[in-house]
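Structure in structure tokens, see below.
First chain written, first letter: the chains are A, B, C and D, and each begins at residue 1.
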Amino acid sequence: MNHSHSMTHGGNARPHVLPDGLFVGIWVGLLLLTAATVSASVFFPGKIGILVAVLVTPAKAALILMYFMHLKYEKPAFVAMFLVAVGILAIFMGLTFFDYLHR
Amino acid sequence: MAAPSSVAAFGTTGSYLDTFPGRRGLWGWLTTVDHKKIGLMYAAAMFTFFLVGMALGFLIRLELLQPGTQFIGPKTYNSVFTLHGVIMIFLFIVPGIPAILGNFILPLQLGAEDVAFPRLNLLSWYVYMVGAVMALASLFISGGPIDTGWTFYAPYAVNTQTNVSWAVLAAFVLGFSSILTGMNFITTIHRLRAPGMGFFGMPLFCWGLYATSWIQIIATPVVGITLVLLFLERTLGIGFFDPSRGGDPILYQHLFWIYSHPVVYVMILPAMGIISEILPTFARRTIFGYKAIAMSSMAIAVVGYLVWGHHMFTVGMSDTARWIFSILTFFVAVPTGVKVFNWMATLYRGSIEVRVPLLYALGWVFLFSIGGLTGLANGALATDIHIHDTAYIVGHFHYTMFGGAVIGMFAGLHFWFPKIYGRMYDEKRATWAWGLIMVGFNTLYFPMLILGIMGMPRRYQDYLPQFSFWHMVSTIGSWILVAGILLMFFNLLRAIRHGKIAGDNPWGATTLEWKTSSPPPLLNFAQAPVVTTGPYDFTEILAKGHDPEAKSL
Amino acid sequence: MSADHAHALEAGRGNDLPVHRDDEGSKTGMWLFLFTELLLFGGLFLIYAVYRSMDGAAFHHAAEELNRTLGVTNTVVLLTSSLTMVLSVSALQRGNRSRSLAMLTATFLLSCCFLVIKYFEWSAKYHHGIFPGTEHIHALPAGEGLFFSLYFMMTGLHGIHVVIGMIAMAIVFAKVRSGSINQDRHGALEYVGLYWHLVDLIWVFLLPLFYLTN
Amino acid sequence: MNGASSYSGLVDRAFIFILGTSILLLIAVTAVMIFFIVRYRRSKNPNPAQIEGSTTLETIWTVLPTILVLVMFYYGWAGFKVMRDIPDGAMQVTVKAQMWSWLFEYENGKQSAELIVPTGRPVALNLTSSDVIHSFFVPAFRLKEDCMPGRTNHAWFESIRDGEYDLLCAEYCGDLHSAMLSKVVSVPADSFDAWLGLDAGPPTGRQLLTLRGCVACHTLDGKDLVGPSFKGVFGKTETVVLPDGTERQVTIDEEYLRRAILEPKAEIVKGYKDQMPEQRDLVTDEEVDALIKFIKGLQ
């Protein structure tokens, strides 16, 4: 079978399944973080609200990625590829702002 | 790997081209998921568009033979160069090498039966065709053929009454096709390498495709959304690129070039891969600095994301951004230089047999060097201010795109033709065609470099008298080039049916695709290949004294 | 070369090649696809960043028009749907088909809920004449017009993704029920899940950019 | 082609260095290639050497080109920096580009369709456009900068020699892009001052046709360009198309001409496209009167 590639068998191994409690915990965490951002923006509109949003939003994204999307348990190659994609998006933004911030 | 039935055995012997039990004829082609047939289907579609694009380029040259209007008025001229650019870029050279040669060769070189997602591969072809049909439809649907240049700059592309909307949607669809191909190739490379073949055991063409695919999947969506926004700007007036609503036309250019600069490396990286296959084969020695060549492809892909602003030095970007983009631009030249020097070192103390693919490869090195080196003057600030949007740029990009990507594809076609069809073209005629192409090419495009430095702007239907002489030379060059290209196509087409039988490995090459029969069987290999040596290990070939025809041109 | 390949050929499927079963490969493909999605939105995020940096005040002002309660509610809805989605996947991985189907149904209903709320939000805006191309929006100060254009483009593109996700859910639902997606072959469900989480992930960013900006 | 601005020498220096180096590299690469092909051809060298690579060599040809390109960058940047540093006290000229003509406005309000400048004095340009992107390009000055709608770009030059220099539009801008030409006329400083101070009264109708760019699209001799010729239009009866698509016959009188100039989109002459820019905010009432008077007289 499948003479042309060696990794196939490893590739179809049973995944390791995380306990449901963990997912519920993550979900609660996400809701709490949402509540934090929302209340920061309601009670401290302006700088602090934005700062909280800037700090918390990536944290939420990281939780979704690592647990819901299982990235924490994938091969490092997946994480690396993901970082490449995000890194390049960051480069697009960063270099564009060399124009807009220095006009 | 027992093949229990005779039908299955068919999959590993015989030729993929033969009629196959099941679907036949045209239907068999249109529903095939065989990567080789899909490659040929792309070839049929793309070379048709290529001929149309070339005919348009030929018309441009005729119009520019002398100052004044020859036979195409300004409006028509604008549509002609726009279509020429759109066809050449979106329909031909961006998807070209990956879709045609990549599809055909990549799985063979990896020792795989097919790409990772064969059905998706067929789907990409259909998506491509839909995009192409939409692009062609934009010619006839209300508004008339687009006249914006292939860059679709706002606000002109927003205001013009020609049919830009269809054209940008077509480009969006075409982008999708190239994303799908990119995903397919990356997965194929990660998952389907033959046992024993590590990443650094892959042939260099695969590395070229790998780097290319990454650019395709990361950069294409950006232009996709940009073009959709341009469409919505025209239909709804969302204001992103409209100065009267606070939008910024320069932002359109940023978004456009964020994709369109990296995409020039989509065109060139696979071509560089082809050259890296051909040189060692005909020098009969291992490539010099395999790792450096492989990694420079990745380096070019990465640095290629950082330089898009060099298309915008005169638009009124901040001065800081201008010098940053300028210095970054120069860094792309370095990995390219490493490649060129390593290739030269590969010829050193080789045992060189000059055959047609090698001629194309050498011609490629010459033409692409001119193209790349002219890019340096574009990258420097003071000089680009002068030559931006002049014929010099037109010269630069024909040298890189045509001299680089297209000639690279021609090199690949001549190299793999005996593998694809199992037959050999007439090498004498091919050499003549090569000679005509080289002479015609330089007569056509070198004058453009001179014109640009003299101050001849591009996209001009008419010009001042001081530019006449070089325009005339350039037009004459296009006639020579036509002769060469037509001769080349004639020669190859004829050989499909009438060529001599080529044999499995006519060049004495070492990569896996040469270890199966020519043309390959449906599932590529009768025996699952296992890799024990590097990709360019000539020990076996040399031991055999392998010299099928022992002739040199 | 495999026995089921030969089988396929004999069954007269013509020159259709068998698709190898390679879960890791399919997952690689899926992630690559997610990157392109990310970059598709990336272009819009870039535009957002540029115009906000040019006229932040207008963005703050315009954002007051948006209904924060609805935005936050929708966030909760989507986050919850992500939870049910992941529970559906792990239920199937443990072989509990009916629980998997139930969770999938919950996800589907939550996404309907999201769309309904979105519908009310958009139509309220529409009735106030705030919609790309209307007189009203053209009369607004430039920066605010851009804000609303961005709002409609980004939530609109996101909404399209929600709809695509729901279609995908419907398809895998049928397949899980018929058993062609099962404990051993759960890839398709997992990929729909990944897609759905991405949709959620993007919304996580849209929330502060639009609803929490004032 | 000789440079004629104070900084053209710096630009040419960058050109010479970059193109010169490039030509040398090209010759070197080609020569080495041909030499190897001849020297190591199979008949002469049947036994190839299998050389895997050489870290030393590869390092050399990574580092040397890096240095080389940094020098290239430096030359380009040095020339560019001068172009961007607008000298204090430079004479200000506003450049207004439109499809497909140029208008230059001096500090004292004087307008001209050609850019008349004093030799030896710095001229600062404020570039704008009223429709799409155009680009101000004077090859002899090595100067190019885009004219963007909705913003003002800046550039400057100092002509070092009297003479007439071509001025071209370098950014594609539609049908008559290649006809969007003008001239920079560099004259001695005292004759420039005389010209600038010369108050010839308000421009005549004929002059306005050039200043406002009408002649880019309309001729005075009966030939059709992008728009209908002005010759003999007055008193003619023709068909116009209204925005809702209905057609109407009009006889061209003064009122119609006024509408046609100020709000061209309201009535499109049949057989033409809706391409004429609205002049409502661009011309004054007196100017419209002068234009109408002149067009009336063209029989």
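As a working rule, a residue touches a chain if its C-beta (ideal position, glycine included) is under 8 Å from a C-beta of that chain, and two chains touch if they have at least 3 such contacts.
No experiment lies behind these values; they were computed from the predicted model shown.
K.L.:
Taking contacts as defined above, which has more of them, A-C or B-D?
P.N.:
Of A-C and B-D, more C-beta pairs in contact link B-D.
K.L.:
Please tell me the distance, in whole Å, between the geometric centres of subunit A and subunit D computed from their C-alpha atoms.
P.N.:
Taking the average C-alpha coordinate of subunit A and of subunit D, the gap between them is 48 Å.
K.L.:
Starting from the mean Cα coordinates of subunit A and subunit C, work out the distance between those two points in Å.
P.N.:
15
K.L.:
Find the geometric centre of each of subunit B and subunit D from their Cα atoms only, then give the gap between the two centres in Å, rounded to an integer.
P.N.:
So the centroids are 33 Å from each other.
K.L.:
At least two partner chains per residue is the criterion; list those residues in subunit B.
P.N.:
In subunit B, the residues touching two or more other chains are 1, 113, 190-192, 218, 222, 248, 250, 254, 258, 319, 528.
K.L.:
So which stretches of subunit C touch two or more other chains?
P.N.:
If we look for residues of subunit C contacting two or more partner chains, we find 1, 3, 20, 22, 24-25, 28, 32, 35, 39, 42, 46, 50, 54.
K.L.:
Can you list the residues of subunit A that touch 2 or more other chains?
P.N.:
Touching at least two other chains: 1, 3, 5, 7-8, 11, 85, 88, 92, 96, 100-101.
K.L.:
Looking at the whole structure, which two-chain pairs count as touching?
P.N.:
Applying the touch rule to all chain pairs gives A-B, A-C, B-C, B-D.
K.L.:
State the interface residues of subunit D toward subunit B in the complex, per the touch definition above.
P.N.:
Residue list for subunit D touching subunit B: 1, 10-11, 14-15, 18-19, 22, 25-26, 29-30, 32-33, 36-37, 40-43, 45-54, 57-58, 61-62, 65-66, 69-70, 72-73, 75-80, 83-84, 131-133, 135, 137, 139-140, 142-146, 148-151, 153, 166, 168-179, 181, 273-274.
K.L.:
Per the contact definition, I'd like the list of subunit A residues that touch subunit C in the complex.
P.N.:
Residues 1-3, 5, 7-8, 10-12, 15, 17-18, 20, 23-24, 26-27, 30-31, 34, 37-38, 41-42, 45, 49, 53, 57, 60-61, 64-65, 67-69, 74, 78, 81-82, 85-86, 88-89, 92-93, 96-97, 100-101 of subunit A touch subunit C in their complex.
K.L.:
Quick check on the complex: what are the subunit C residues that touch subunit A?
P.N.:
1-3, 20-25, 27-28, 31-32, 35, 38-39, 42, 45-46, 49-50, 53-54, 68, 72, 75-76, 79-80, 82-83, 85-87, 90, 93-94, 193-194, 197-198, 200-201, 204-205, 207-208, 212-214
K.L.:
Write out the stretch or stretches of subunit B touching subunit D in their complex.
P.N.:
Where subunit B meets subunit D, its residues are 74-75, 78, 147-149, 153, 155-156, 159-161, 243-244, 248-250, 283-286, 288-292, 314-316, 319, 322-323, 326-327, 330-331, 333-334, 337-338, 340-342, 344-345, 347-354, 362, 365-366, 369-370, 373-374, 376-377, 379-386, 388-390, 453-455, 457-464, 538, 542, 552.
K.L.:
Where on subunit B does subunit A make contact in their complex?
P.N.:
1, 110-113, 190-195, 214, 218, 222, 250, 254, 258, 305-306, 308-309, 317-321, 324-325, 525, 528
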